[in-house]
């Protein structure tokens, strides 16, 4: 019984969101507002039980008082809700920004810069495997030319301009692949919902 | 105070994390662990801040009777429903069989999943009405997109099964994905990485102050 | 009902065959098991423990040669079922069990060591019921290293990058002109605005749905300044619907400044910029409606975009507007390229905003990043050639 | 207005209806399709096969119901595979929805007869350490201390007291990491903050939107392989010999792709035909 009611509610909400396709309407707005509220509530409860309790409360209860600093910074963050003293929240924000900036500085350079370059340089010729050999060559040429396209200190003219032109072709092929994959993604999500409506709700699909 | 303290905190924390990457010796690693633990707690409060802010905005919307004010009640209702049930269920609130789990299944899941699925419809209509081979670049993009779309599903196999093994749509798609696609993607990746490196550096040196100033 | 009878008969036959089979299987392993049981597996040898390099201590790497009876895979016929790692602080003292690993393994990380204490390790090979122990290892201490030498080239490259960014920012601050190449999308702005003026229709500028703390939104607002300058000159009608109130304020200031710089402060009007709603799809629906009603001649999308990019660009294309887009969001770029006339791709958006704003910190960073790109381009080109001819492997500098 | 122009000016709601039918209709038919396992998915399968039973595998669930049709089948097929191969699973979530999605997947997997026979025990065969806030910093912190990053599991048991977590201090004690990702934080963060600094073995299942972005990591060896979208999930199901949900949807998926390609072709044809007429 409870399960059936649940399925009906879920199905009606699904239709509510789908109604946006016809027109923006109050039913859609209702579903959307409900989602905003429910997801915020979900985050709030989850953060309480799985972060605040083990990381702050339990530590303090065990007498590790140093974690009170985290609590203080956290409370300062909440002061943003009060415009007059909201500026104090920047202290906590600074901690967040500093942590990510400090980590990003080295890590992105290594993983997305150095390691990528390292693996673009490779023994190109693979004896007996023509597609692989051509492919390797394509990776070297494509990465080089693509990077030339994003080089802003020189006008795209002559040979250099030619490289940039080839570069943009490779970037376009990447975008094409992304495009195809994105379509695939969106369609999968739609199939999931339709399967719910026709299968789980109406029981038409076995 | 308003400006200097945040900039100092950013610099101290950030540079410690850079130093510890190269010098793993104590005490730097202890500092890193401590800063990261603080980060978690502050980040949790930041999520709460987002939630509370949402409540505040909707309370204002309701109080001042702004456009769509009745929906503010729905937001509040949804929020407190999940929070109260979540607290009531206690630490095992995510276990199958709890009320929280049930509400997740009948509210959060369908709403969230459907939100994203409506984009399928817009992709369809845009592919009919907007995606044009208007120039050489767009043409290359669309051709690559169609090859990938057909090559990635079983349909492509049947479409090209008359071709010799290794030259079918699936194989071509694999080749496109593994080589030209990877090359283009990598060029973008390296470019963005350098952008991130430089903006991180600006933040740490206090040159980028958008977060630390103004409101 | 007949089929059921026949099934029953055949069931009996099957049952008979099956029981014979089971019995025989039960009998076969007995000698094997017996053999395995009586003798323990031969012990692992050459147990070596070393401090794990380049870390903050607390960890010891143990390696050994697997038991001679270990065939290297986890299978029922492997006499060795796994290894246990034992640790002590005295060579003949009490050994504590640290952990288990699988058959075929020849290394283990002890992540629970204290720094600067001598540890001895033994590896125990586990048979089905019996076991054998290796000789203890030489003593080893976990130590913290001062410098992670495996990262020396990273340090060098980071230093070069940081210094060049700072150098170029300073250069730019002192008023030195830094060159930036032409960006195709920007050159098309004048044409688009001109066309809108001719047709007497509006121009829409969409700065994305993120707030002013987003770099892309900031870049989008900077580019708006340039667009506004041209609309002021051409006396075209510009409209900017925003999804954040802060973005609205910034856009107003930007346009006001651009109009006064162009000598047409009279044309500026606060209502050119207005706030719709924070909500993603609410905003999308509203802007969509605007496009359909107003049929603008030109539309600009510059900033941070998510899923709404597709919906907006489609409608814009449908009403026949010239569309110029720009975003750093890789997942949205394909849709912009396919549905718009010009697109600033990723970093081009930032380059355009640096170029237009002449902000030293943006220009300097862009130049500094170009130094990084130059280094990587050099490595790819020279490294590939050197490697192809087998002269030198430049990759060692990138590890 | 010519026929083609009218065709182009068609209301988009009609196209919506069209795609809805194209997606829904094939769902009613069960068609056995030829699904080839591509090398990039095979890499993942081979890497998992190479793990000896008893190995510790970290499963990071980084998605929400918005990507459920793509990633939930992957979670289920992976968990089923691990239980049948006796790989020990440590579940975490960088997204707050991760742990509950894991519970949903586990509920489904436990219905499987073979898994039932194995009877996986919580704390011994698998644990769910829950969610913690902090995105990439979580990944980074786990490199020095996993129990400090997740002091308690999702129901509040002390992590160090769980038998499976004995001896697990950091990535050195984890044999394999499998990440199901729908965006940020996800595979990108795992590569950047765990693979390179801490040398973990990583494979991933991604939404199709994400998958092309991580291909450079596969070429460079930072990522063993990736399951891209529902098709990748279907391939993995075929590879493990247990076709399930993702395989079921492949017919519909095929049809919708064909329809989209058809739309692009006909749209462009009509566009260029009408433009040529106007030009002449």
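Each chain gets a letter, A, B, C and D, in the order it is written, and its residues are counted from 1.
Rule of thumb we're sticking to: a contact is a pair of C-beta atoms (placed from the backbone, for glycine too) under 8 Å apart; a residue touches a chain by one contact, two chains touch by 3 or more.
Bear in mind that the values here come from a model prediction, so they are computed numbers and not experimental data.
More C-beta pairs touch across one of C-D and B-D than the other; that pair is B-D.
Taking each chain's centre as the average of its CA atoms, subunit B and subunit D sit 15 Å apart.
A straight line joining the Cα centres of subunit B and subunit C is 11 Å long. A separation of 9 Å divides the Cα centre of subunit A from that of subunit C. Shared interface positions of subunit D, i.e. residues touching 2 or more other chains, are given as 12, 16, 19-20, 23, 66-69, 97, 99, 130, 132-133, 137, 140, 144, 154, 156, 197, 209, 212-213, 216, 219, 228-229, 231, 253, 256-257, 260.
Listed for subunit C are residues 56, 154, 158, 161, 281, 314, 330-331, 334-335, 337-338, 346-347, 372-373, 376, each touching two or more other chains.
Counting partners per residue, subunit A has 20-21, 29, 32, 36, 42-43, 46-47, 49, 51, 53, 55, 99-100, 103, 105-106, 108-113, 115-118, 120, 139-140, 143, 147, 150, 171-172, 174-179, 181-184, 187, 189-190, 192-193 as the residues that reach two or more other chains. If each chain is drawn as a node and touching chains are joined, the picture has every node linked to every other. Residue ranges on subunit B touching subunit C, taken from their complex, read 18, 21-26, 28-29, 57, 67, 115-116, 119, 122-123, 125-126, 129-132, 134, 137-138, 141-142, 145, 188, 190-192, 194-195, 197-199, 201-202, 205, 207-208, 210-211. Those residues of subunit C that touch subunit B in the complex are listed here as 54-57, 144-148, 151, 154-155, 158, 161-162, 165-166, 169, 212-213, 215, 218, 277-278, 281, 307, 310-311, 313-314, 317-318, 328, 330, 334-335, 337-339, 341, 346-347, 350, 361, 365, 368-369, 372-373, 376.
Residues 12, 52-55, 144, 166-167, 169-170, 172-173, 209, 213 of subunit D touch subunit C in their complex. In the complex of the two chains, the subunit B residues touching subunit A come out as 2, 5-7, 9-18, 21, 34-56, 68, 71-72, 74-83, 85-87, 91, 93-94, 100, 102-121, 123, 127, 137-138, 140-149, 152-153, 166, 175-194, 196-197, 199-201, 203-204, 211-212, 215. Residues 2, 6-7, 9-11, 13-14, 17-18, 20-21, 29-49, 51-53, 55-56, 66-67, 69-71, 73-75, 77-78, 80-81, 83, 86-87, 89-106, 108-109, 111-113, 116-117, 120, 131, 134-136, 138-143, 145-147, 149-150, 167-177, 179-184, 186-187, 189-190, 192-193, 196 of subunit A are the ones touching subunit B in the complex.
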